[in-house]
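If you scroll down you'll find the structure; I have some questions about it.
Naming follows writing order (A, B, C and D), and every chain is counted from residue 1.
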């Protein structure tokens, strides 16, 4: 089972977990990741963060990443929620929640989905700082995090 | 910052996250793990699961594990909640939630705490099945999961 | 042969353009499209120079320079993604 | 030298005992305590045999067979943990 949502509104981590576990008593492990807006990035204060995306591609990209995770690990349920629009520090940006029988699968698949989302899902962040607006630069470390999953599969 | 709770009552994942992120706009990443009661274990149906612990040692053991995680990774906040008493399928057993600036630290520390908790924190599960009561056997895979963190530090 | 071209994020702002229809000689691939855009000079040759980082998707899937283009394809050009 | 000994989970049920005070000759370590318990025979020698899996904590910290014991120590003997 897979739930993918792109939305302006906030989400509730507890409600997402409750929806997932109510449906399936085979679930023994749920690993989650939530990304938050920080008030400082690359040394500058951040007052708002605006998320733009490429709607026609976003759902396709996220669906592909989740399908790949389901092919690699034994998963029971996956939920991905990504917000778009204007956010503020401490706001929630993204949720990846993965349910499985045992924790190893849940942890690995959750981190895999985040690493691929960070490099392959068409979202872009623009920060508003005291020095003006600026587009967030992609991080080399995200490319590395994503590439290690390729290495693992090849070896 | 660290929160460790041993309790009979349930917990709410969303509320724990909200408490954590409200306090600190430096948090960019929160990795969580929730363990749930499954309705089948080792091939037998499970109607209730009773968790016993060694109170004087539990808090000390969990505190030691969290301290070790804080020494190894750059963490901003950690919450560990473990329930005791009688639980039923789909009930929540344990929560480990780790906040950091970037996701790599949060993911690794969260999995580390779970792996150590599974082998070093004094909790024991007793299952009630149609064939009667039985104590859950420790898994070899949990020992392996825990030992790989030792290898990583030595190498 | 006509294709749709979409621009996102900093590239959209830099070019002052969200999307356009572009006619390319057949057969064409992504590198031919990029070459045509670079030929406009200014911000185009600057942002799409080989030393700058950008990504391209064809029909909503990440593509490479040698990905073939067909009539009616939707090509998107954007900076490396930064969501999550 | 008196120490407190606590039993948990399946061992508590097997021995029918939650805790006891035990007198040991000085100096003593965990292996001396285990040997004294095994000498009781029956469930004791069976459950605490070297081929069975059990853990020991001294003053609430995981210990090994050669961990030294001091007067008043709290020693806990229990099966491998299964929480989480």
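Keep in mind that, in the parts below, a contact is a pair of C-beta atoms (placed from the backbone, for glycine too) under 8 Å apart; a residue touches a chain by one contact, two chains touch by 3 or more.
What you see is a predicted model; the values in this text were computed from it and never measured.
Novice: Figure out the least number of contact steps between subunit B and subunit C, where 1 means they touch directly.
Specialist: 2
Novice: Take subunit A out and leave the rest in place: which chains still touch each other in groups?
Specialist: Once subunit A is set aside, the chains that still touch form these groups: B, D | C.
Novice: Just how far, in Å, is the C-alpha centre of subunit D from the one of subunit A?
Specialist: Chain centroid spacing, subunit A to subunit D, equals 47 Å.
Novice: Centre to centre, by mean C-alpha position, how many angstrom separate subunit A and subunit B?
Specialist: The mean C-alpha positions of subunit A and subunit B differ by 22 Å.
Novice: Suppose each chain is reduced to the average of its Cα coordinates; what separation in Å results between subunit C and subunit D?
Specialist: Roughly 71 Å separates the two chain centres.
Novice: Which subunit B residues reach two or more other chains?
Specialist: Residues 35, 114 of subunit B touch two or more partner chains.
Novice: Going through subunit C residue by residue, note those that touch at least 2 other chains and give them in order.
Specialist: Residues of subunit C touching two or more partner chains: there are none.
Novice: Chain pairs in touch?
Specialist: A-B, A-C, B-D
Novice: What does subunit C use to touch subunit A in their complex?
Specialist: 6, 8-10, 53, 57, 60-62, 74, 76, 78-84
Novice: Subunit C touches which residues of subunit A in the complex?
Specialist: Residues of subunit A touching subunit C: 35, 51-54, 56-57, 60-61, 82, 93-94, 114, 117-126, 135-138.
Novice: Spell out the part of subunit A that touches subunit B in their complex, as residue ranges.
Specialist: My answer: residues 12-15, 17, 21-22, 24-40, 89-90, 92, 101-104, 106-107, 110-111, 114, 141, 145.
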